[in-house]
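Scrolling down, you'll hit the structures one after another.
In the two complexes that follow, subunit A is the common piece, with subunit B as its partner first and subunit C second.
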Partner chain A sequence: MEKRIRVLVAKPGLDGHDRGAKVVARALRDAGFEVIYTGLRQTPEQITEAALQEDVNVVAMSLLSGAHNTLFPKVVKMIRDKGMKDTLIIGGGVIPDADIPGLKDAGVSAVFTPGTPTGSIIDFIKTNVK
Partner chain B sequence: MDIVAELLAGSRLALSRAITAVENEYENATAIMQKLYPHTGRAHVIGITGPPGAGKSTLTDKLAKIYRRQGKTIGIVAVDPTSPFSGGAILGDRIRMNELTLDEGVFIRSMGTRGSLGGLSRKTADAVKIMDAAGKDIIFIETVGVGQSEVDIVKAADTTVVVLVPGLGDDIQAIKAGILEIGDVFAINKADREGAERLKAELDMMLDLDQVKAEWRPPINQTVASQGTGIEELIATIDGHIDYLAASGELARRRTARTRSELIALIEEHINRHVLKQISSSGQLDEMVASLEKRQEDPYAIVTRLLAAFLR
Partner chain C sequence: MANESLKAKMAEYTAKVEKAAAKNPERQNLAHNRLYTPLDIEGFDYERDLGFPGEYPFTRGVQPTMYRGRFWTMRMYAGFSTAEESNKRYRYLLESGGTGLSCAFDLPTQIGYDSDDAIAEGEIGKVGVAIDTLKDMEILFDQIDLGKVSTSMTINAPAAVLLAMYIAVAEKQGVPADKLNGTIQNDILKEYAARGTYIFPPKPSMRLITNIFEYCSKHVPQWNTISISGYHIREAGSTASQEIAFTIADGIAYVDAAIKAGLNVDDFAGRLSFFWNAHNNVLEEVAKFRASRRVWAKVMKERFGAQSPKSWMLRVHTQTAGSMLTAQQPDNNIVRVALQTAAAVMGGTQSLHTNSKDEALALPTEDSVRIALRTQQIVAYESGLADVVDPLGGSYYVEALTDKIEKECWDYIKKIDDLGGAVAAIEKGYIQKEIQESAYRWQMDVESKQRIIVGVNQFQIKEKTPEGLLRVDAAVGEFQKNKLAKVKAERDNAAVKAKLAALEEACKDESKNLMPVILDAVKVYASLGEICGVMRKVFGEYEAHVSL
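Let's look at the complex of A and B:
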């Protein structure tokens, strides 16, 4: 049995800034994960369907447009509705500290803001993935 | 309901989880493949191969859209390389296929090569069988970006499309052995670039040098996948090959060869596992190595002795 952690790195929303997502994708690759990268401007529907088809253990969303309070919870709900109960869902980007408790209540397991070492994201995934 | 029943009833999640189980060799993997096996053999499998950046994903996206308009359901297995150092991978083929994501008649799965060197992963053929059992009419296998010798696709696909781009080398490249021998159909993509006509002429020459008078001479299409140019013509060529395979009996021959090679591979895998497990857990393997290092025995004698013991 050679399980490998699969992570969907997704960019929901309309901002076109994917440097952060690419840096994280690369770091996860170097940590031995299989990273499915889907590109910019994904709708919650597309992210959910890609997560389902790829059977990922983790959905990692990067968002810098300010729409996180709408889009992150929407993705969580859609993923759970599709029967993916164990998928770890995390987010990152320019997200005000004040918004983080609300996102966690909505089912986003962790939120990584600018300055987070990629090692902490990797550790979090390794510790929490089911 | 178990995963196979759900899959056969149309569950996309079950399809996805079945591929994971087989790819990771979970305990239920063999049982899943056993139950699905009777439902396989219906899909037409199209291999898309070619060098990195040739436009394989974009081309696959466009071809899939046309088959969808014809009402056919589609499976896509997209393979990207696994790092030999970390074991990780960036699987990025979906970037070119985002418009297909929400089409329920399309199922796309990305796979890392996980150490395989032939352009596919070891479990690619199983993923194709699972999609086949799930009722997909056409299944595309997109290989990793290949160089010259990654030709496993020819064993896995019914029709192999080799995608080339202008500007990668002179006509000596075209007569070398390897991927240029495996194309049933050639697509010169990015054909709006300089050198497309020359590449076509060189390929034509290479194909006409073929000493075996084959019934099917691989046609060469020109495409600009990003703009959708030449895609209808490429589909017509592929459909022509599908018709030829059926009419000539070549499809049956190819599938027999595939069934045989898959069975041989499975036998080898099981013999390997059985023998190696036994000699490593018993400590025999270490003893053999020690004996070799002291030059007390030679490896050929050991293998003969070992096989005699197992085949008794």
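Let's look at the complex of A and C:
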């Protein structure tokens, strides 16, 4: 049997808006992925630790506070520093288009903004996960 | 019997249109009936169910003349970056005809951390203004007469601290506390259920809230001590009925807690206020506002035995639905907000914030905030919607819908009572789960196109990257940290230590009201993080219920 894709849905930063994170988590689960949701207010250290412990293939971060330019790259760096070279890291939330190239340069493979159908996230993961 | 004749004619009509519908089908999945008639409000009793505006059960509104005397307060929620920057925006809003202030705080402030805390990194000044000490609060209200303006503060877990700072700034301006007008959100239960900026566990949080009720009833009598909020529950994905049901259940929990703490219901209930969402479905929203007033009036009179009509009134602030703004074709949001404004006004709100068109992308620019404020002014002065009290009262549809929402609300309140009340229902994850289910259903309806969102899943166009978005200066964090360091160096640190020690003792003694002690601490420039740090030490922190 093929191993199921494991996804950590993570909320870095301090914002409490997790409607999007929970809807995406549930859609990924309904698409057959194993999904772990961290809950709110996770530090980059906590997210990295959870990614390691749960041995996930994908880390999907959600952030709506505007702190993405600070926190997304930090999580990417910590995860890579822990040797998780192949983990697919994606993000979503209220993120201005102008910030997306910088986030991609920092190692966030894709950024999904408001209005994205959950199907596009599922397809992206299936296509890009290693 | 008149109704027998009407029933027969209704049956004829239905048979006729169903036959026609076989050829030209109606749209699928419409939530409500095709047509409403007197048959849908059988048993309707005008005096019992509606009565007159300003009278029990307040279905038609809480004031006798509603907007014929004075319009609702046009209160634009604002705040970003530093106190210096936000002060400029507030003065701009007041000069533009805004009639009240509404302060947005950044997340570290809302969760009780100072700007120099490591956890605040990247968040300082982002979603609101950063407040560390009384110094920031003095700057925030510089040249704004607190004796004249009314101020709403979206602050929950540390509400007591920000209210204390506001009282202290007013005192410095020479305005006594009993002349202050405004609101603190102070609604911790919806933070656990939907919004996420909690700090302490339920028990000490409920104590802080009842301490505020008690303190304000004596010293700040015109202050709205809580804004029991459905707004965020709706934003998190609930339905209209769930929004008011879960919120009124929260309200019941606060009243219960205050009565248990020994307060007389009529001493504080008149200062309780509510906060609704104005969502897309205009008439459903109007019915929701009307139903919520009727339910609360019955709760207060029948369940709690309140005697004063003020205690029965559900007074409400409203904000248009942020989650309904689209990042796609953002100009369309102006139209959405106008319809939502119409709903809030026909629903009888006491104050209103209208969202700006660019808020699915970033914080709003000054230009887009002006359009949002102008939308309210157009509805007020040009549309005629504000000229008659409860203009939709008596509509078969709106009355039937009001009854339906009221019934669904009572059903939820019963369920929550059976679970042991709102606190227990939240601790068990029941309310969160219900909201999540509704949110997921909404998203799936959008994805399957059972629900059309213009510009998102239909009528899309190729769009350019939006330009001219507001960006918070990245240097804000450093600026704020330096300001805090300067305050800490210049204040009387021995006094700070003494006041914080007194606070710690008071926290341990449940019979003490914490408001005067917190007021003492802010006056010597103890920081928000220091004060909340002391409370964290004594009270501990809330562990969230995480489920999918």
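Basically, the second predicted complex is superposed on the first by the 128 of 130 C-alpha atoms of A that agree within 3 Å, B and C clash if a C-alpha of one lies under 4 Å from a C-alpha of the other, contacts with A are read in each partner's own complex, and residues count from 1 in each chain.
Rule of thumb we're sticking to: contacts are C-beta pairs under 8 Å (C-beta built on N, C-alpha and C of every residue); 3 or more make two chains touch, one makes a residue touch a chain.
Note that the structure is predicted; figures quoted are calculated from it, not measured.
Colleague: Once chain A of both complexes is superposed, is A:Leu71 in touch with subunit B (first), subunit C (second), both, or neither?
Modeller: second
Colleague: State whether A:Ala106 touches subunit B only (first), subunit C only (second), both chains, or neither.
Modeller: After superposing on A, A:Ala106 lies clear of both subunit B and subunit C.
Colleague: Touch test for A:Phe33: subunit B only (first), subunit C only (second), both, or neither?
Modeller: It touches subunit B, and subunit C stays clear.
Colleague: Check whether A:Glu49 is in contact with subunit B, with subunit C, with both or with neither, and answer first, second, both or neither.
Modeller: Only subunit B is touched by A:Glu49; subunit C is not.
Colleague: Who does A:Ala25 touch here: subunit B (first), subunit C (second), both, or neither?
Modeller: both
Colleague: Using the superposition described at the top, list the residues of subunit A that contact subunit B and also contact subunit C.
Modeller: Residues 25-26, 29, 35, 37-39 of subunit A touch both subunit B and subunit C.
Colleague: Which of the residues in subunit C come into contact with subunit A in the complex?
Modeller: 107-108, 110-111, 119-123, 126-127, 191, 194-197, 235-237, 323, 326-328, 360-363, 436, 439-440, 443, 446-447, 453, 456-457, 465-466, 469, 471-472, 544, 546, 548
Colleague: In their shared complex, at which residues does subunit A touch subunit C?
Modeller: It is residues 13-19, 22-23, 25-27, 29, 35, 37-41, 43, 65-67, 69-71, 94, 96-98, 113-115, 117-119 of subunit A that touch subunit C.
Colleague: Show me the residue ranges of subunit B that touch subunit A in the complex, using the header's touch definition.
Modeller: Per the touch definition, subunit B meets subunit A at residues 12-13, 16-17, 19-20, 24-27, 82-83, 86-92, 94-95, 98, 101-102, 107-110, 112, 114.
Colleague: In the complex formed with subunit B, which residues of subunit A make contact?
Modeller: Interface residues on subunit A, with respect to subunit B: 1-4, 25-26, 28-39, 42, 45-46, 49-50, 52-55, 82-84.
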